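Both of the next two complexes hold subunit A, though its partner changes from subunit B to subunit C.
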Partner chain A sequence: MNRLATLICLAAFISVPLWLTDPYLLNALITTGIFIIGAMSLNLLLGFTGQLSLGHIAFFGIGAYVSALTSLGFDVPIFGDFHIVHVPWPPIAGFVLAIVIAGFCGYLVGRLSFRVRGAYFVIVTISFAEVVRLVALNWVELTQGPLALTNIPSISIGLPGLGYLVLKTKLQNYYLVLAVAALSYLLISRLVHSHYGRAMRGLMENETLAVAVGIDVTKTLTLAAVISAGIAGAAGSLYAHYIRIIDPDVFAFISTVTMVIMVVSGGKGSLAGPVIGGVIFGLLPVFLRPIMPPEAQWITYGGVLIAILFVLPRGIVPTLAPLLGLSRKQGDTAAKAAPLAVEERA
Partner chain B sequence: MDQLLQHLVNTLVLGGTYALLGIGLTLIFGIMNVVNFTHGVLYTFGAYMMFIVVHQLGVNFFLALPIAIVAGWLLGAAIEILLLRPLRGSDIDTTMLVMIGAWIAMQSGALWIWGGVAKSVNNPFPDAPLVLGPVSVSWLRLFVLAAAALLIVIAYLLINRTKLGKAMRATFQDHDTAALMGVNVSWIYTSTFAIGSSLAAAAGALLGPVYVIFPQMGDLAAVKAFAIVILGGLGNITGAVIGGFILALAEELGAGYVSSGYRDAMGFLIIIAVLIFKPTGLFARAERVG
Partner chain C sequence: MAEPILSVDHVGMQFGGLTALSDLNFNVGEGEILSLIGPNGAGKTTAFNLMTGFLTPTKGAVKFRGVALRGLKSHEIADLGLIRTFQRTSVFPRDTVFDNVLIGLHRQGKLGLVESILRLPRARASERAQRERAAELVRWIGLEHRANDLAGSLSYGEQRLVGVALALAAQPKMLLLDEPVSGMNASETHTFVQLIRTIRDRGVTILLVEHDMPMVMEVSDRIVVLNYGRIIAEGTPEVIRNDPAVIEAYLGQSGKKAAAHA
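Take a look at the complex of A and B:
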């Protein structure tokens, strides 16, 4: 999508609270926005390196728990009388730590799981997310287990000379989520248009050829995994400080599926794809809720996923963008992928 | 020591049904290259079929079992024809996501039809367990073990001794050559999916009466089936049987000696460990079915 269209979209998102004041819809937009950030980070792996990670919610959940525990403090016995005690830090420190620790987990998981490909990679990532969920459920001293972490403070920003601004209202949280989403979009956009981004796409299209021209597979994939996990961790942190209560259900597999649906329906490998897919699928429950019971909503959800894969296998954005004359960048990337071998050698 | 013996007996009972689940999935995964996320739903479906046939239709328990298996076979064939046949030649990610969509829709359908309250299936066996020295095992569990063993033998003979089985093995090795030799590959895929699904339904129909049945019961079963398939190696039926018993043993010992909260983590830890250290499975004859 070209720069003008991106700016128009950004302006449209900024203007939303001016004409939409219904708190229920605003709440739906905020949670949707948080999941769109997660979906964008998943798209970096799925759309640009071709690795389908179905454990992505692990990094989101790790970010949520790290951020919540940093700002709540904890007192955990390790061996007998030996305790690890942590006094509460400001939530913004939690936000930063969430990114760092989720990114580090992305590094570890990447190093281990990129040894396998295809279906095996998918199953390793699912297993990782489930193990993390079971730890969150069973390590009650740290996470409170199923009793949930409650009273998580809202994010506050220190302003020099003015004290602290606590982001409590929905309006403030909307702009916070929008700002983080815009930054993530920019970061991913810069990355995929860089040298590393071309290496990633080269790997996706033909791994053997990419290796032959000297692309370091593990390094490239791990870099994508670290950045992807870090952004997912940031989304998890926003979620924890906005909802203000988290339990092990934050690791539910269905949340990963939601992100995958957002990416695949919008168009994997397209920067705008997760945003468009995310807005549609994030807000779909809002419109389905009044007309059908929850079970039927999920049946519709599964049905729509199947329908999209049958009808629009490439996703909405890559199918519609050429029709709207917005495909300049798409053509560019295709052109860039072709002379990959020459560029990488240079 | 007595406790260990009891764990080993439990392992045998659990392992038999796990092996059934694993065989079904390894056939589908190995022959069709489809990561079948509906496997757990078929397991749930088998258990609910037992409930419906025994309680709502009033049919004998022993007759209900084959009915549940045939119902699983039919549902599996329907899924294959409706969802997978149009996607022949698609990449593995696409079919995997379609299977995820089908899983969500079908599980929510089960929740809608039967509600979220757990149900139990009555069985005709005496309540008093069979006590042999230090170990005790209920008659129902013994029956489950015997039925699972019988089904494993039937599946083995089907793959290794019948014409259909020969065509399945040929398709696994090279589907283009199999097609050139006159094998109708499309129908082999449908048969494979239906047989795999009926084995999952059989596992659910056998374990349903042992535990309680509820719509999400298949989720963990599906993950366990993946763990078994990875342990045993892709498309390796003997491997799947051994993998089923290894997983059951790891769970029993993990629950007995570590913490029952981590019982279900064993499957995931096995998956991660095997894929990191020996990605072709423990029994590295990955290139065959049978």
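Take a look at the complex of A and C:
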């Protein structure tokens, strides 16, 4: 999408709370927004490097737990009388740590699996998510297991001496999520338009050729995995501090599937794809709930997904953007190459 | 002969019990155009893969500008300035020609991640320089009218040109071309020969694997002929043209008689 369309979308999202005051819908928008951030991070891997992470929720969940535990503090016996004690830190520190630790996990998974890639990466990520879920479920001293971590503080922002603002209301959280989403979008956009992004595209399209012109496969893919995992961790942290209670269910496989649906329906490999797909499939259940019984809701959900992929197999954005004249890449290249070509003929 | 830029020292390659190359031993001089020819299955592509790290030889050593290539990854070999093109898949099909060349420029744009994402002045300057360089290469290869078309939509011959532009973008000291003119018509081939000469005149050594004999005879300084995984002849096009072992390998015994009659 071109810059103008992106800014119009951003303005529309900013204006939403001005005309939508229903707290139930605002809540749905916030959780959808958090999942859209997750979907954007998944798209960086799936859409721009072609690697499918089916355990992507692991990075999200790790972010949620790291952030929650950092701001709640813990006292964990390791062996005998030896305890690891952590006193609560401000939630914003938890947010930063969530990004760092989720990113580090992305690095480990990437290093482990990118030597082989493809199906192996899918399997490693699924297993990783399951292992992390079992740890969260069984390491009761640290995570409370199925009893859940409760009373997680809301995120507060501010500077020492200037006072703090605790983001407790839905309105505040909406803008917090929107800000993080916009930053993630910008980060991914800049990354994929840089020469790192070109290396990723090259690897996805023709790996042997990419390697032959000097692109380092493992390094490039690991970089994408680290950034993707870090963004997912940020989303997890937002989730923990907004919902304020988390249990091992945050690692549910269905959440990964939801993100994949958002990415694939919106259009993988397009920046706006996960946003559009996310808005549709994040809010669809909310609109279906009052008008039909639960069984019919899921059937309709599946029906809409099938219909979209049947009519627009490449996803909504890649198919519709060129029709609306919003395709950025072509014009971008043409504008910069054309003057040189003209010079040549002159 | 000038100082060798690439030396292939008694290299052998076995796949299980099959000997693809038994004993390959030759040098390529700096600034030379050397062709590697031989009938199908003679081991040409295997030799290529050995020289670019896609395969590791079971014996012998390949050295590029004095550096032994054993154990190096393909992208590290590319970093040394030894760049190859491919027989069939020579482009990134879903990118424009211009972007193909930009991807090829990867080695020129090594910037820090933070710099690239924040678009600091140095990153902007580097990006601009790369775009200018890419436009220049696209023009040089004669495809500026196709710059914004997807590479996958180009004709076979044009894709080969994109492949060469890509490889040149990586700033090779030596270029390995794998059957670059197969699928090209006579006039395209002729243009391509000119192009290879120009590339050499810019100081790039060229090693060519090719089936098109008239083209090989026209462009090469020296030719190495392979058959059944060994070198059966080596020399200038003149020498190779009249070498009985080469004629036999290509045409069989009857060919040898025909050549004798001619």
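Please note the rule applied: the second predicted complex is superposed on the first by the 307 of 346 C-alpha atoms of A that agree within 3 Å, B and C clash if a C-alpha of one lies under 4 Å from a C-alpha of the other, contacts with A are read in each partner's own complex, and residues count from 1 in each chain.
Definition applied: a contact is a pair of C-beta atoms (placed from the backbone, for glycine too) under 8 Å apart; a residue touches a chain by one contact, two chains touch by 3 or more.
Computed from a predicted structure; not experimentally measured.
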- request: Could you tell me if A:Leu183 is touching subunit B, subunit C, both of them or neither one (first, second, both, neither)?
  value: neither
Contacts of A:Ile8 with subunit B and subunit C, given as first, second, both or neither: neither
Task: Name the contact category of A:Leu112: first (subunit B only), second (subunit C only), both, or neither.
output: first
Task: Check the residue A:Glu205 against both partner chains and state whether it touches subunit B (first), subunit C (second), both, or neither.
output: second
Task: Would you check which partner chain A:Ile245 touches, where first means subunit B only, second means subunit C only, and both and neither mean what they say?
output: neither
- prompt: When the two structures are overlaid on chain A, which partner does A:Leu134 contact: first (subunit B), second (subunit C), both, or neither?
  reply: first
- prompt: For subunit A, which residues lie in the overlap of the subunit B contacts and the subunit C contacts?
  reply: none
Task: Under the touch definition given earlier, write down the residues of subunit B that touch subunit A in their complex.
output: 29, 33, 35, 83, 86-87, 90, 92-94, 96-98, 100-109, 111-112, 219, 223, 226-227, 230, 259, 261-262, 264-265, 267-269, 271-272, 275-276, 279
- line: Given the complex, residues on subunit C that touch subunit A span 52, 54, 73-75, 78-79, 83-86, 89-96, 98-99, 102-107, 109, 111, 113, 116-119, 123, 127, 130-132, 134-136, 138-139, 144-145, 147-148, 163, 166-167, 169-170
- prompt: Given the complex with subunit C, which residues does subunit A contribute to the contact?
  reply: 187, 190-191, 194-196, 198-199, 201-202, 205-206, 208-217, 223, 329-330, 333-334, 336-337, 340-341, 344
Field: subunit A to subunit B touching residues, read off their complex
entry: 52, 112-113, 115-116, 118-120, 122-124, 126-128, 130-131, 134, 137-138, 253-254, 257, 260, 264, 293, 295-299, 301-306, 309-310, 313
